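Worksheet: one structure, shown below.
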Amino acid sequence: MTAPGRCRIGLRWILLCIAISVTSADGVLAEEMPPAGSLSAPVQSSPVAPSPSPPKIDTGDTTWLLTSSALVLAMTAPGLALFYSGMLRRKNVLSTMMQCFIILCLVSLQWVLWGYSLAFGPDKWHVIGGLDWMGLSGVGGDPYPDYAATVPHQAFMVFQLMFAVITPALITGAFAERIKFSAFVVFILLWTTVIYDPLAHWVWGIGGWLRNLGALDFAGGTVVHISSGVAGLACAVVLGKRHGHGREPMPPHNLPMTVMGASLLWFGWFGFNAGSALSGGALATSAFVATNTAAAAAALAWLVSEWVYRGKPTMLGAASGAVAGLVAITPAAGYVGPLPSILIGIGAGVICYIAVLLKDRMGYDDALDAFGIHGIGGTWGALATGLFASKAINPGGADGLFFGNPGQLGIQALSVAISWLVAFGGTYVLLKLVDVTVGLRVTKEDEVTGLDLSQHNETAYS
Amino acid sequence: MTAPGRCRIGLRWILLCIAISVTSADGVLAEEMPPAGSLSAPVQSSPVAPSPSPPKIDTGDTTWLLTSSALVLAMTAPGLALFYSGMLRRKNVLSTMMQCFIILCLVSLQWVLWGYSLAFGPDKWHVIGGLDWMGLSGVGGDPYPDYAATVPHQAFMVFQLMFAVITPALITGAFAERIKFSAFVVFILLWTTVIYDPLAHWVWGIGGWLRNLGALDFAGGTVVHISSGVAGLACAVVLGKRHGHGREPMPPHNLPMTVMGASLLWFGWFGFNAGSALSGGALATSAFVATNTAAAAAALAWLVSEWVYRGKPTMLGAASGAVAGLVAITPAAGYVGPLPSILIGIGAGVICYIAVLLKDRMGYDDALDAFGIHGIGGTWGALATGLFASKAINPGGADGLFFGNPGQLGIQALSVAISWLVAFGGTYVLLKLVDVTVGLRVTKEDEVTGLDLSQHNETAYS
Amino acid sequence: MTAPGRCRIGLRWILLCIAISVTSADGVLAEEMPPAGSLSAPVQSSPVAPSPSPPKIDTGDTTWLLTSSALVLAMTAPGLALFYSGMLRRKNVLSTMMQCFIILCLVSLQWVLWGYSLAFGPDKWHVIGGLDWMGLSGVGGDPYPDYAATVPHQAFMVFQLMFAVITPALITGAFAERIKFSAFVVFILLWTTVIYDPLAHWVWGIGGWLRNLGALDFAGGTVVHISSGVAGLACAVVLGKRHGHGREPMPPHNLPMTVMGASLLWFGWFGFNAGSALSGGALATSAFVATNTAAAAAALAWLVSEWVYRGKPTMLGAASGAVAGLVAITPAAGYVGPLPSILIGIGAGVICYIAVLLKDRMGYDDALDAFGIHGIGGTWGALATGLFASKAINPGGADGLFFGNPGQLGIQALSVAISWLVAFGGTYVLLKLVDVTVGLRVTKEDEVTGLDLSQHNETAYS
Amino acid sequence: MKLIEAVIKPFKLEEVKEALEEIGIQGMTVTEVKGFGRQKGHFETYRGTAYKSEFVPKVEIKVAVADSQVQRVIEVIMRHAKTGSIGDGKIFVRQLDSVVRIRTGEVGETAL
Amino acid sequence: MKLIEAVIKPFKLEEVKEALEEIGIQGMTVTEVKGFGRQKGHFETYRGTAYKSEFVPKVEIKVAVADSQVQRVIEVIMRHAKTGSIGDGKIFVRQLDSVVRIRTGEVGETAL
Amino acid sequence: MKLIEAVIKPFKLEEVKEALEEIGIQGMTVTEVKGFGRQKGHFETYRGTAYKSEFVPKVEIKVAVADSQVQRVIEVIMRHAKTGSIGDGKIFVRQLDSVVRIRTGEVGETAL
């Protein structure tokens, strides 16, 4: 381990890194690129007109974007980590927390090194960003007005980073309690690069073909929720059921953890949705209100559904419903008013409850309902955006079916279909690849022991 | 369940909702109402002079208000949910979490649909807001300068929404471990509409009679804490004691949860108090400092009290003291400097500790001391505002007794008395009403089993 | 206890306090001090030029600083409280939570009463601040441009308060599970006044001699992390090992709590580092990105190290690595770009993992690795700042070794050495003092029983 | 000597303990257990999946007593653990060959 | 009567319980225990310190049965608790002097 | 065969287990219990309400041994569980009719 050969290689590598970093720091300085011919509207259609004068940083907007970025980080860890791991059995608690945490780490680096460039870099053939912004070269403190005119380019980058983090983290709910940790690491790195980055480019990147088509996705219904939820379905199918699924009881080991997680998700989602306005003004406020309203309505809708159908309202139901509502309002948040938000929320609560009920009949084991909530909820939300969007709320958006523009629903449906296709197909292929090379699933013995001990030599509680 | 008749009704209802929402979205657009004759000072007396030019949104102020709204949300869930449920027995953990969570959902809708209009809508006879703003019609992206000149009207609305949420959630501490879930739902909807909304109007609404009288309540000592705490007392009296109270030991099942909750309350309270400045400047900063200082002083005061009286300082004592201090500084936060904050904090710690000690003698079972901490602490805070308020801190406020204006103490005492009266009387009547119709309390068997299982078919831990 | 004599003393004391507070409130009013001859650059070298016109409050910057202050509060409680207490045995959970919580309370008052004045007040002989700002007299709503030109002076004060709080809280990891609560209180009050306040003045106070020397410490590598970590080492040495250390197993009782804590630390650290820009613009953004990047890299580096060395990657390892990375990037955050952040992170993960491994060989019992992570990580970070700092990132800073300025590394090394010396020596003396007077350690019986019961009459769970 | 093991409802523990103390019992050992019997469990529902939990939380009290006291102890437990509804529990009585007090080495009834 | 105590692997509990129910056993008491035996424990590592945990989670089932049923119960437990790998557990059989049903006061086999 | 049950202080578990291992005991079953005895409990205070908790955490070790080993096992437990202060615990010895190893079906002393 301390053979001189290895040492020398290590040293050389360190020097290389230093060299790169020094150069790149210069690069960062030199990012004065004039955003000259800004051809397309700012992302997520914020109504700010591109000003002819040099862009000036607004401290309020920047503060809002940084705050929102922190909030979205809190959604993944601790939010999602708690929400998910509370529903698991005691022997697998850490494994899923670990997955959320490691995704945060992996994607944070991937995004800085090449992910952001692939997703938002200068467009190539309308399908992918170029590699020009690798290592954040050219992505510095000045605004890049085509994306966000009043905040540092890096603020926009880091906000998007948090989205790139949470998306694969959502998938972990589907393969919980049975995936090998090494396989997980490889899968995530592939998935985020091969599936998330291109999809983000299509929908949000300047020049992306779905964006050009006019698909509305305010904060990530297709890019984040459909992609992760449908990928989750593929995972559940390819990995197969957990041992004892359907025979042994597998009740949540700690629901207060799950409630805490759901609450932090709600809290953080204000950053997710209202932050997507990219400025601290009326649009952010409107998205904030829509988000809160839809979450509340969906929680109640799920609650009432199970009260009627099962006889008792449950805490896990209310929490699940709230998350379903937050998912569904995500693509619509900046385009709809408070009352349509209520309808979107009610739809989400009822539809996702049914989806979760049907799961058992369908026979796949989506352990924590990544598909049932994010896949289905995201799909409903994306379509509902085509129903309820209104230029009265956001002049930068479009009208939906109920505001006289049925075409929008078609566009939304198309982008939903594309997302499903790409997410399912792509994930399926990647999983097979990882299965053949690394092996996806732990041994039966390791699974019965629990992943905490078998993968990490730890136990959650002692 | 799938009879055609029901289906058709369902469909009709959905269409109706869509119609309403479409119309209302138009309404939202049309909210250009000129705030012409703004007769009174902006709410909570922020020192901003009403400008003659059309109001402009300030991104910093808006960001602060949205951030504060998110913080106040985090106070209810997960903050209060953790704080309270950690003190319960294992069999009732979810029931109280559920109550906090469902209040968040119920009031979020109630506020948007009619609550905000009742509380802050155009004044009727100085006692209630009109229904003009139902469904947020006319409450849009432009500022409503009479309340807050530099932020979208909806931002002010959603910030106030979070207050309307946490107030009834505070009451749940009083009836924990024995209320029927269905009764709870009905009671909360009534309470928030019949008691909270009018009270908020009196104290904060333009034209409200207590506001006109000059009562100072920066962030809700009367409206939030006295009203909920005294309502809690009424609940404890009407519902009676828990089974085995005083005989069986009922120690907190998970104090780390309670500490976490208290910490999140402290964290969120910065939004509650400093956010009430409605702008991100000197007043917010001053309220922030006062809040932190009073919380610290009160925690230490409670700690020292029990150290002296009982021989040992306890964690639950410190956490309870901090919350008591936060409660007490709430009405005063924007009117007092750091040193008076220390005195207010010390008073809160000592007085609330005594109140909690006396509870056992008085013979009611306020399970989690909603009254002892919020009722008593809020009362002390409202009176202390009449002692320590100073125009030197906030020119938009008034001087208190120690700054040469004894009259203010009288006004404060009056508003305290009114709040007590309304909260106790109103709650008492509502509870009796619910008891007669739905029945307030679970059966003895359900109570012994625990509410988690008997009301929700769930257990917190497995 | 109710002897008339005592009562009268009590009354007199209260009146005195009131008198002081009234006077001081006037003082607060009168803080129009013109910042005339502002001799030195703004703290932490933000690139804002001192404007000749009277300072104006920027709502965006103020909002960012208040938000950051709240985030840093959340680092101590609940963040650190959870991170630490999850690693303890069940019988000592509350004792460490209590220590974090009480430090928050004690230092909040100490800082307002005299600490801020000692640390940031008008310089005396380059080693300490004067007492002019005691009780925040003269520290009000107007900016104090020498520190921060665009926010109220109190906002800067309260942001710094949160730093003063978390620093001693970090030490508690070293003496966990064996210190007497009374001794703890005395020790903390002494430490923060005698060690923290002067050190903060040297590095950040205007006129402080290390600041004058040009030492770079963006957000507290020396002041916060080295000082607390090295003080922790002194505590571990002076207090001795826990009973049964090395013989009995002492596995963490609740790792999900620790993960939650680590996540909240990460979340709050954005306030810590990016908040240290004191404005919501490009510098804050750059620090935000550096912070996130280093944390991610360090978590992965620790993970890989233990995967290679021990065969399994662990959740506690990843969480510990993330914290190590956050520690190391703290002094550098505002001076380095994203790629150097990766290197700093990798270094932190590897070095701190080795430090923690070596601990067992060295034979001291730093229970929760306050020294191994904060002492060592802070030292690496302070030196790495001397390697990677670049004026390209922050013109107000300096270049490091790799950017052609080897002298900076020397200055950094000097400030590290000074911090070690002061922290170790000072803490050692204080501990001996407390040991002689109050007695540092609980009895063996109390330790075996656990501090929760023996010091606080409570148990964490029931 | 006999070893008496009683499975009772948890909320009766305190009462039983005090009653035993009153008749001079100076020691006992208590374990949290799950009981399965005529008293049926309950359903729990999590996201639509219903689990039948057939185990009910119970508490087991173990008391070693001199032969002379067996009858009295059984009576006391019966009186104080009884609620009259299903699931009140059982008392098992067994022979105990010997008892040793670890601290002193005393053996037999004096060790109780 | 006999008291049969079986220490088994936790994930076999449900199966064993159902099998016992089928042969007419109407009650049992279950305790979570930690076992030490041939089945070795595992290592855990926390920040570089490795702990050997030699205890393995097990479940103890306690069933009081009439003498006539002892053999059948043992067989059923053996069949259903068996995985064939080390650590499957043990069955201990002991004499039971008497049983009382607290609710009714019934004594002996009718109290089971 | 005998079944030896010892109630001891929790922090002595590791030591006793190792000592038993050394004299050739290859298996045991451990339960967390709460003890009530001469060793009095403690007070806890929550918001001013004081609870007396009279139960002390203990650990129960259950070892089945051949008759020939009984004395040695008792001695070893006594030596290693003893602290000399009140609450060190008790050792109960009982007759064991038979033991079965689930995995193999072995019966009697070879099953231990």
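Order of writing sets the labels: A, B, C, D, E and F. Residues in every chain begin at 1.
Everything below uses one rule, namely that contacts are C-beta pairs under 8 Å (C-beta built on N, C-alpha and C of every residue); 3 or more make two chains touch, one makes a residue touch a chain.
Nothing here was measured: the structure is a model prediction, and the numbers come from that model.
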{"item": "Any chain in contact with chain A as well as chain F", "value": "B, C, D, E"}
{"item": "Contact-richer chain pair [A-B vs A-E]", "value": "A-B"}
{"item": "Interface copy of C-F among A-E, A-D or B-F, judged by whether over half of the contact pairs recur", "value": "A-E"}
{"item": "Cα-centroid distance, chain C relative to chain E, in whole angstrom", "value": "53"}
{"item": "Inter-centroid spacing, chain F versus chain E (mean Cα positions, whole Å)", "value": "18"}
{"item": "Multi-chain contact sites of chain D, meaning residues that touch two or more partners", "value": "31, 44-46, 94-95"}
{"item": "Chain C, residues touching no fewer than two other chains", "value": "58-61, 63, 67, 249, 251-252, 254, 280, 310, 312, 314, 316, 457-459"}
{"item": "Chain pairs that touch, as defined at the top of this document", "value": "A-B, A-C, A-D, A-E, B-C, B-D, B-F, C-E, C-F, D-E, D-F, E-F"}
{"item": "Residues of chain C defined as touching chain B within the complex", "value": "14, 17-18, 20-22, 24-26, 28-29, 57-63, 66-67, 69-70, 73-74, 77-78, 81-82, 85, 93-94, 97-98, 101-102, 104-106, 108-109, 112, 135-136, 140-142, 151-152, 154-155, 157-158, 161, 181, 254, 257, 280, 452, 455-462"}
{"item": "Residue numbers on chain A that touch chain D, as the complex places them", "value": "87, 249, 251-252, 306, 310, 312, 314, 316-317, 320, 353, 356-357, 360, 369"}
{"item": "List of chain E residues in touch with chain A within their complex", "value": "11, 14, 42-46"}
{"item": "Complex contact set, residues of chain B against chain C", "value": "58-61, 63-64, 67, 71, 150, 251-256, 259-260, 262-264, 266-267, 270-271, 274, 279-286, 288-289, 292-293, 295-297, 299-300, 303, 310-316, 318-319, 322, 336-340, 342-343, 388, 390, 392-393, 402-403"}
{"item": "Chain A-touching residues of chain D, taken from the complex the two chains share", "value": "44-51, 53"}
